[in-house]
Amino acid sequence: MGQTLVYGFLNGALYGIIALGIALVFGVMRYLNLAQGSLIILGAYGILFLFHIGIDPFASMPLIAFLLFLLGGALFKVSFSRLIMLPETGRIKNSLLISFGLMLLIDNLATLLWTGDERSITPTYSGLTLGLFGLRFPLIGCVGVLSALVIIVALHTFLARTYFGKSIMAVSQDYEAASLLGVNVNFICLVSFAISVGLASIPSVLIGLKSFSPTVGIQWFNKGIIVVMLSGIGNINGVFPAGLLLGIMEAISVYIFGAPYREVTGLVVFVLVMVLFPKGLFKRQEL
Amino acid sequence: MRLKAWISFCLAILLFALLPAVIRSEYLLNLLLMFFLYVIVAQSWNLLGGFTGQVSLGHSAFFGTGALITRLLWTAGVPIVPALIAGSLSSVVLAVLVGVPCLRMRSAYFPIGTLALAMIAQITVANLFPLPGSLSSGYLTGYSMLSRYYLALVVAVLTVAVVYWIVRSRTGLALVGIRDDEAAAEAMGVRTFKHKVFALMVSSLLVGLGGGIFAYHQVSYYYYAPFELSWSFLPTLTTFIGGLGTITGPILGAACFLGLSELFAISLGEVHLVVFAATFILVVLFVPGGLMSISARINNFTMKLMRRIPGNPADHGADP
Amino acid sequence: MMLRVEHVDVRYGDLQVLWDVNVEVSEGEIVALVGSNGAGKSTLIRTIAGLVKPSDGAIYYGDTLLNDKPPHAVAEFGISMVPEGRRLFPKMTVLQNLEMGAYLKKARPRKDATLAWVYDIFPILRKRSGQPAGLLSGGEQQMLAIGRALMGLNHFLLLDELSLGLSPLLVKQIFDVLVDINRAGITLFIVEQNVPMTLKIADRAYIMETGRIVGKGAAREHMESEHVKEAYLGMS
């Protein structure tokens, strides 16, 4: 049981970092980016490529993060930037549709270019585990959790301590008021979107080291959106703990019901949250 | 214009009905059957998504349920018509059970909720029915492509007719009002929730019927196949490209999709999806009304031109 | 002439809401724009701020044409706005809201000094500086909204419907503060439904009805006018 919890915890960290990218974009500009999962997979292919020319996956992470950041900015400029003018429901609907098209585009392009075969990145340290308290802690998972934590702390500092970061928070709470104070809302949204795609590089590494194929992106997105719903819309700080929670819940359900129902757990949780809290988990403070 | 549309529609039906007498190609009949199926799925989706504004990404669950129940009953010996009815009804039951809670969410989350449902359905069915089924010899010898063709045609026409009739009725007005501004509709006394449920139920009934036809058509049958997410994406894609919220849109979109699909099928199999995805994105961004809106815009433009001509009865005069 | 609005029309799609609006504000003035609900006053002020694009006409601030500028550029050029409904950042504290007010490049280095000044004007904000803005009372929120706009160190302030939802006493307090701010060198353009209070502090006033300017002149004249008395002073 303890071992299952360990795996659940590590999975949860992965879910949390996936969810962070989704939550950032949704919180700031109310876009839902269905393609986040596909972008993660894209990053995984990038890491695979670099691995084949001899670069360690964790070492290539910063480069992939940067490339994904640029890609995110470009995608935003080309497709999502027009949606800023719409009211909230229009944004969610349209961003859903566009990102849905994007997801299909990326998934099928990837299948075309790299076939539908399942891939895996296997460096020499793949199977290594640390032994602690009589439990096995996979090395990769631990490094993953550490990287995720570092990035989260860095992001939090950026958002809370720098003027640029604070303006991102301001835009997420009231973009019109922010623009009246001199904040270039379009630019903020562009950068936030690019950051969220750049954040996809961490799950890219972790998923790349497990296994992936062109069409699995949406399954990872699903985990992310469940975590976002669990932690509450617009609540970026609660995302990581919510991810851990989901990971542990899954682990427990696997322990009780068996492996095939792991996927169903998350989705059932999702539906339950949606049914019990139809207006969202946290109410936004009205003025 | 209305009359022209009617005439072309009836001509098309006539054409499709008479076609098998002239063309013997099983491939073509099959293709047209798929076209009718796509029209059923897209048009039924359109009622909920295009006309009521509730974008469902979970129609594959309803399609699959209709298919599943129909197949199970039919291969157990039940005649096809009751089996189809049972299939479509079970699809409605599913819609009421799980679709209604989705409707209760903030309307922005309806697509996500339905997507989650579709994924749950797919995984569950894949777990419960991993092995494909096939038809026993008795069924195989009695298999008639022609009867399936006409069945699909009839249901397709039925679907279009039903959606058209609803949209033209007072209910339809309410649905469109909900799509355009739900708060305003509510304020005007429209029972928005009831109407949304109604649209959902009709939509799932029709798409469940389509699922049943799909199950009836397949020889070797993978139970999880109709639950695949592509059956959710299909109506959204095709209706969007053809024209959301128009009757002709889904038909046009389905025709384009299938036509181009087959055209590309000879080359790399997946290219058409890439092209469609790209087209879809472009349509959402630049032509949110789809292909139908382009013709509407041309009409509008012509109307405006006519108003400029003095003495034209269409000219109401400028505001003070 | 600081602000010139010349022959401005505003249309939302096919619906026209402003017709041939002409307004001038000189440096140091307090100018009011009054009229009843739905007259189009907020639309005009939002157009000046850059939130709405004029369909026709021109808006000049000094020598700069403002028509196509997005709101953040208008703010950079020297116009700050206190929007209708205050629009504070609800999850941020009073202090954080004020700090956001100093976002403009020119305002950031002087932030601490400006903050002290704003706290002098609105002492209650100093007391509440650590509280989330969403928890303040209506009057406190209005003060915070004004204070936040002042942090940008712009010399031109647009104020949209300050008095909404506030008690007459609070409104008087805030309007007195506005006079002080004006004496400190800030030009004010006030949009208001509360006509009598506004006319008391304004130098000049424009009257807007259904999207058109129907009256202008010194505030005192308006207070005497029969039309104004009937139409607006009956309702306050």
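As written, the chain order gives the labels A, B and C, with residue 1 at the start of each chain.
Just so it is clear, a contact is a pair of C-beta atoms (placed from the backbone, for glycine too) under 8 Å apart; a residue touches a chain by one contact, two chains touch by 3 or more.
None of the values given here were measured: they were computed from a predicted structure.
Participant: I'd like the most central chain, judged by C-alpha centroids against the all-protein C-alpha centroid.
Facilitator: Centroid comparison flags A as closest.
Participant: What's the farthest chain from chain A if centres are computed as the mean of the Cα atoms?
Facilitator: C
Participant: Could you work out how far the Cα centre of chain B sits from that of chain C, in whole Å?
Facilitator: 52
Participant: Using CA atom averages as chain centres, what separation in Å is found between chain A and chain B?
Facilitator: That pair's centroid distance is 32 Å.
Participant: What whole-number Å value describes the gap between the mean CA coordinates of chain A and chain C?
Facilitator: 42
Participant: Any idea which chain A residues touch chain C in the complex?
Facilitator: Against chain C, the touching part of chain A is residues 163, 166-167, 169-170, 173-174, 176-186, 284-287.
Participant: Tell me, which parts of chain B touch chain A in their complex?
Facilitator: These residues of chain B touch chain A: 55, 57, 98, 101-102, 104-109, 111-113, 115-117, 119-120, 123-124, 127, 229, 233, 236-237, 240, 268, 270-271, 273-274, 276-278, 280-281, 284-285.
Participant: Where on chain A does chain B make contact in their complex?
Facilitator: Chain A residues touching chain B: 32, 79, 82, 88-89, 92-94, 96-98, 100-102, 104-105, 108-109, 111-112, 218-219, 222, 225-226, 260-261, 263-264, 267-268, 270-271, 274-275, 278-280.
Participant: Along chain C, where are the residues that touch chain A in the complex?
Facilitator: Touch residues, chain C against chain A: 49-51, 70-72, 75-76, 80-81, 83, 85-92, 96, 99-101, 103-104, 108, 132-135, 141, 148-149, 152.
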